[in-house]
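All chains are identified by letter, namely A, B, C, D and E, in their written order; residue positions are counted from 1 within each chain.
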Amino acid sequence: GGGTTEIKVGAPLPLTGPYASDGEQMLKALQMAVDEQNAKGGLLGRPLRLITGDVGALEAEKIKAVGERLIGEGVDVVITGYADSGVDARVFGEYDMPFLHADAMTLNTEVVAQDPEKYGNVFQYCPSEVSYGIDAAANLFKMGEKMGWKEPNKKIAIVKVDYSYNILAADKFAELAKDQGYEIVVDEVTQFGVVEWGPILSKIDNAQPAYVTFWNLDPTDAARFIVQFKERFGEKGLNALVFMQFTPSIPEFLELAGSAAEGLLWTASINPVGAGVEDYKQRWIAKYKEEPKSIYAYVTRDGFDIWVTAVEKAGCVDCYDKVVENIRNITYEGLAGVHVFTATDQQSKYGDDFIPTLWYQIWGGEHLVVGPSKYQKAQPQMPPWIK
Amino acid sequence: MKHVNWKFALAVLVLVFILLYPWLGASSYTKHLFILFFIWSIVAANWNLMMGYAGINSLGNIGFMAIGGYTAGILAKSLGVPPFLTIPIAGIVTSAVVTLALGLPALRLSGIYIALLTLIFADTLPSLLTQTREITGGAMGLHEIPPFYPGMDKTGAYYICFVFFLVVLFIIYRIVHSPTGMAFVALRDSENFAYCLGVNKFRERLKVFALSSLLTGAAGGMYVHALGDISPTTLGIEPFLLTIAMIELGGVGTFLGPILGAAVIVFGNEFLRLAGTLRLTLLGALICTIILFYPGGVIQLFHTIEHRVERLLNRKTPTT
Amino acid sequence: MFATKGLSKSFGRLTALLNVSFEVEEGEIFGIAGPNGAGKSTLFNVITGIYPPSSGRIFFRGKDITNYKPDQICHLGIARTFQIPTTFHTLSVYDNLRVGAIFGARRPQSADEVLELLGLEAVRHRPARNLDLYTTKLVMLGAALATDCKLLMLDEPMAGLSMAEINQFLEIVRRINQEKGVTIIIIEHLLDILISLTKRMLILSDGQVLYLGDSKEVTADRRVVEVYLGGKGGIAHAHR
Amino acid sequence: MLTVRELDCFYSDLQVLRGVSLDVGEGEVVALFGPNGHGKSTLLKAICGLQPPKRGSIRFKGEEIAGLPAHQIVERGLAYIPEERHLFSDMTVLENLYLGAYPRHARPVLKKNLEFVFHIFPRLAERRHQLCSTLSGGEARMVAIGRGLMSETSLLMVDEPSIGLSPGMKMAVFDAIRQIHCERGMTILIVEQEIQHALEMSDRIYLIKKGQIAFERRREEVQVDEIERAYF
Amino acid sequence: MENLVNALVSGLISGSLYATMALGLTIIYGVSRVFNFGHGVIAVIGAYITWYLLSVFGVPFLPATLLSLAFMASFGWLVYRFTMSPLLKKPNWEFSTVLFMLGAGILLENVVLQVFGPRVKSIPVLVDGALKVGFIQINWHEVALMGIVLVVIAALSLFFKYTRTGQAMRAVAQSIPGAQVVGINIEQIFGLTFALAFTVTGFSGILLGTKYYLNPHVGWEWMVKGFVIVTFGGLGSTSGAVVAALVLGLVEAVATLYFGAIWVWPIWFVLFLIVLLLRPQGILGGRT
């Protein structure tokens, strides 16, 4: 290596289609990372260049085509926020250069576990979606006590969308909840784009569960759900906690749901909790004249920095084995927490000391951190629909 | 006579080029694009056979392709059936399912209702896939479907798809130039007169419907073995719109049209990926511009060139 | 060879045909006339299966063909033309005939025979779109004839033709009848031409049979004169 | 009233009219004869703007109208009853007739004209709410003629009005044309294969052949057989 | 029982909103035989413009709506004048116009994406509060929507039946030479038709935007539902479209209640199959 030839950083990103708003944040994060690195004189003295490819609505066909192109361009690393539909790990696993993604999907980590030889270059710099299920089963049932609310029964409603990120998490939760003696009384699978939640709310109304859990990545669907939930139960009441997986972290959710979301509980398994977050945010605002808009504005940077650290340690860029080995053994304190990769499937470990899952409750249009205790800022309260 | 010769020569030249292309320094990426082109032009050509020739306003052909793709994928993946069997089975299953559930009832209806029924049929599939998550993988689809043969590389897939492409085009050519093809023109011009001359519209259409869904299903089989994945995103709006665009951009109801259209869309779409967020904006603008200047589609551009060339040839040899 | 028994057809409240019965002999040229909207074309449409009859039966060569579909009826040997000149305008003249030959007769060479019979070789390759009225009518007739029909039904074939063309056309109709032995039913408003061409005719009025019998005597029937020819001009003006 | 000079008309590459010149004077009835397919309808279409001519001039009431869009020509008071009828098939008889009175100047007299049409074609009055697509051939012809009569024009061009009509109805149509000519002084240009009838009512005739005017005569100067012979 | 009734009510509401979607589609298809693939995107544009006026300039709801409708009308007229008009005069217009609108749909969708960004927007509701009748609860907003929809539909069908321009639009749809012969200015009528269709479509976008949220891509889904309703109801039949929309809305609600949301499309498919086999001309479409 050496010299001043460019290092090419490949980035398959969802720049058009339904995921474009995250894709835009990923692009900005990576562009800022590359620019800042270049301003520091590049990596190992070589300038970096970002090469992006649009994976649209995450169709397998597109990811493959983009993959072929990036490889053809001779990229030395591939980093994305997410470009998943269960293929990207396979596409880039075929090669040797490191591939870092935050798909948060078991589909993309299990291949690594199954064939570590071949897919050893694939890293997921966040925990997989099942961690949500595990965490929710461990903590949701304790939330009531903290509020001074006693669950009226042991019934749970699950509303999930047919997407593995949500399904696997919800199914894990159901499995663990049943072990604790809970009963699933509503178990609805929908597709994305539900506009009328009325019939499902009716089912909930009939079953009168103590917990309503909602697993759907689409902020529009989630906002509609909580708005219609509020319309239905706002006055007449429902003696239940409402929980959502991740989606309220997408800014549109609150914009759309407005006051209907007051009292909602939700969790995210990646959060801007690291020491550098505030500084990062200021640099972002300076560069883009606006605030970072989603978690991918932060976490994508971790992927980049992990790679940079590994390369610097290796002292070379195209010595892929070395770089990959360094990533595997890294302990990196990033914006989302401390990244340490699991040995089996190379995803960031989750937990309070690694990448923590945070519990939020929405009050006064703000997301207040109500757990775990290490990060807690506020006390959970009884939501308004509990009369 | 002369114009037949140079067109023929051009066609042969193009085919020879495609045949030799993997040896002319094609990258894995461009071979990949050609594979996509072969498969999508087959889907488009069959769709055109239905819509442009037989006047069956189907909007569900992507669905047919998906049925074929899933059939082949499931057979190969879960049951270990070898690909040379899964592809014909995919075609036959697709044709049988689609013809029975859709063709028999829909073809008795008038054009726009066929469009409606086929559209809804295609929109039903994602729900069914969700319901059968254990076998079809639900929203995440099927992955790691075995290739045509173990250890297949891009060149192998390239040639297999190319041969398939040629065979299907030959079949379509034969249909279009058969009495069935003539019957469709007759039906389009005057349905009642054709009926009174003994043309059974329903039967002729059913024939084409069955055949064309068979070939589309087989194309779905080719798709999964060549690419290795299929998921409900294949049934999404973008593939749907782009395939319609292929047919119409090339020139509806012409033999070469959908192939030219597929070439423009597949290669154009890939090329525009360089434009990042502007990709679809530019693609839309491209479609609009082409159609404003060549309302007959790309094929019209070809005819314009043809006229020029012919005039040139005639000028050089002013006899005959 | 052909007969209808008590044929009726109504469209909603409107009765277009009421209890129409008539017979046509093998080899005959049979005429149908009647005021506008009397139900002549409807009769053809019912016979050829475009509309199902409301009641009544249709027989062809001893077979009950009521409720047969148009293509089945064609295959039995009944062909027709339409009142509005209809051809397959994007096909060539020859291909127009071939449609009848291949799908109707299932005998491709019948197209060539008809082409010769009607003298259409000169326009063989012309697209049917831009033909003049007379040739258009010949092509329509040719396509019907190419189905190797035994019974040919012509709906106002001479409307809009000039005198000379009418005479040519009559010549052709007679030849088809005599040389090919095709039975013909013809609707026409030009009564004196119909009289000269046919032995028997049917006059419909308001969907009912007004007259059925010898053509020569039709003008003697008071009711026909009254209803059909209209008081004012009488037969002298019916056609010159 | 109408002066056509040196008109050339094409259907893409096919020339159908070659230097046609023709005059129709105020209050005249002019008949246009000629074999089928020799350009009679094309001439009428060119005049009313449906098939704009390639060369030549058409003056109507002293104004040049060649190349104007059809609706402007109609608004100037020129009506055309096409041979192909061109009815609005999914509308009722009555709606078709109303649309005949679409030009502004025709609307005030709509009632009167409608009565006139129903007077000539009592059949249409019976069938006023029937959809045009279901009419018989002759009934549809009546609607086309009736629609033309609704437009309250100074020049009426009729293309083969008698096709498909029963003998009695033909008489009624010719009588009606004669009547509007006599009573309202409407100028008329008629194309007809029934030479006898058209000849009887007209002041002058033109004979068109192969897209050219073969001859022009006053009615007194011409016999039916002369015209028929000229067809060959 | 209570649930069923509530489901039916919500079905009625979504049905009536789908019906507005259907309107713009029928107008253009009815007159020019152009299947407008850009339909959904046009609705989205109308909604986005209203949103923009509301939230960026703080224009009140009514003037914002009127302004955006005025914009949509001129937009429709321009689209006709500069693209459709030349295309409709060329031989292949049946296909070229459809494809053009498809290309334009993709183009405009992504222009919206570029201009307004990918984020979801919402238009505030017209009126707050809810109407309660026994155990049935409907938002006033939704009552208002239904009312507006019914008024618009009635106004349009009166327009087509009784006004001179409306009749001319239908006439042009059925025979262009016929329309020319009676003195209809084809260009003007086509232009007006596009302007009207774009306005109605834009308006339906605004209504939908107040109940459902807006993003640049949502138009396709709206369009598919609109298309389903137009054809199911019988093309060109406004009353058919209304009935179809209500039926589909109700079926959707009931199917979700008893079988689950995922079964809506399969149930629709079977329903269509049955209805169309019994009545091949749609629910109310076609006359005998």
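Points worth noting:
Throughout what follows, a residue touches a chain if its C-beta (ideal position, glycine included) is under 8 Å from a C-beta of that chain, and two chains touch if they have at least 3 such contacts.
The structure presented is a predicted model; accordingly, all values stated were derived computationally and were not measured.
Under the contact definition stated at the top, the chains bordering both chain A and chain C are B. Path length between chain B and chain E in the touching-chain graph (shortest route): 1. The most distant chain from chain E is C, comparing centres defined as mean Cα coordinates. Relative to chain D, the most remote chain by averaged C-alpha coordinates is A.
Per-chain Cα centroids separate chain A from chain B by 38 Å. With centres set at the average Cα position, the gap from chain D to chain E is 42 Å.
Distance from the chain C centre to the chain D centre is 29 Å, each centre being the mean of its Cα atoms. Shared interface positions of chain A, i.e. residues touching 2 or more other chains, are given as 16-17, 20, 24, 162, 189, 191. Multi-chain contact residues of chain C (touching two or more other chains): 11.
All chain pairs that count as touching, in label order, are A-B, A-E, B-C, B-E, C-D, D-E.
In the complex of the two chains, the chain A residues touching chain B come out as 15-17, 20, 24, 27, 52-54, 56-61, 64-66, 68-69, 71-72, 85-87, 90, 107, 161-164, 167, 189, 191.
Put simply, chain E touches chain D in their complex at residues 164, 167-168, 170-171, 174-175, 177-187, 287. Those residues of chain E that touch chain A in the complex are listed here as 2-3, 6-7, 10-11, 14, 110, 113, 117-120, 122, 130, 137, 139, 211-213, 215, 217, 221, 252-254, 256-257, 260-262. Of all residues in chain A, those touching chain E in their complex are 16-18, 20-21, 23-24, 162, 188-191, 193-196, 198-200, 202-203, 205-206, 219-220, 223-224, 231-232, 251-252, 255-256, 293.
Contacts from chain B toward chain C in the complex involve residues 179, 182-183, 185-186, 188-190, 192-200.
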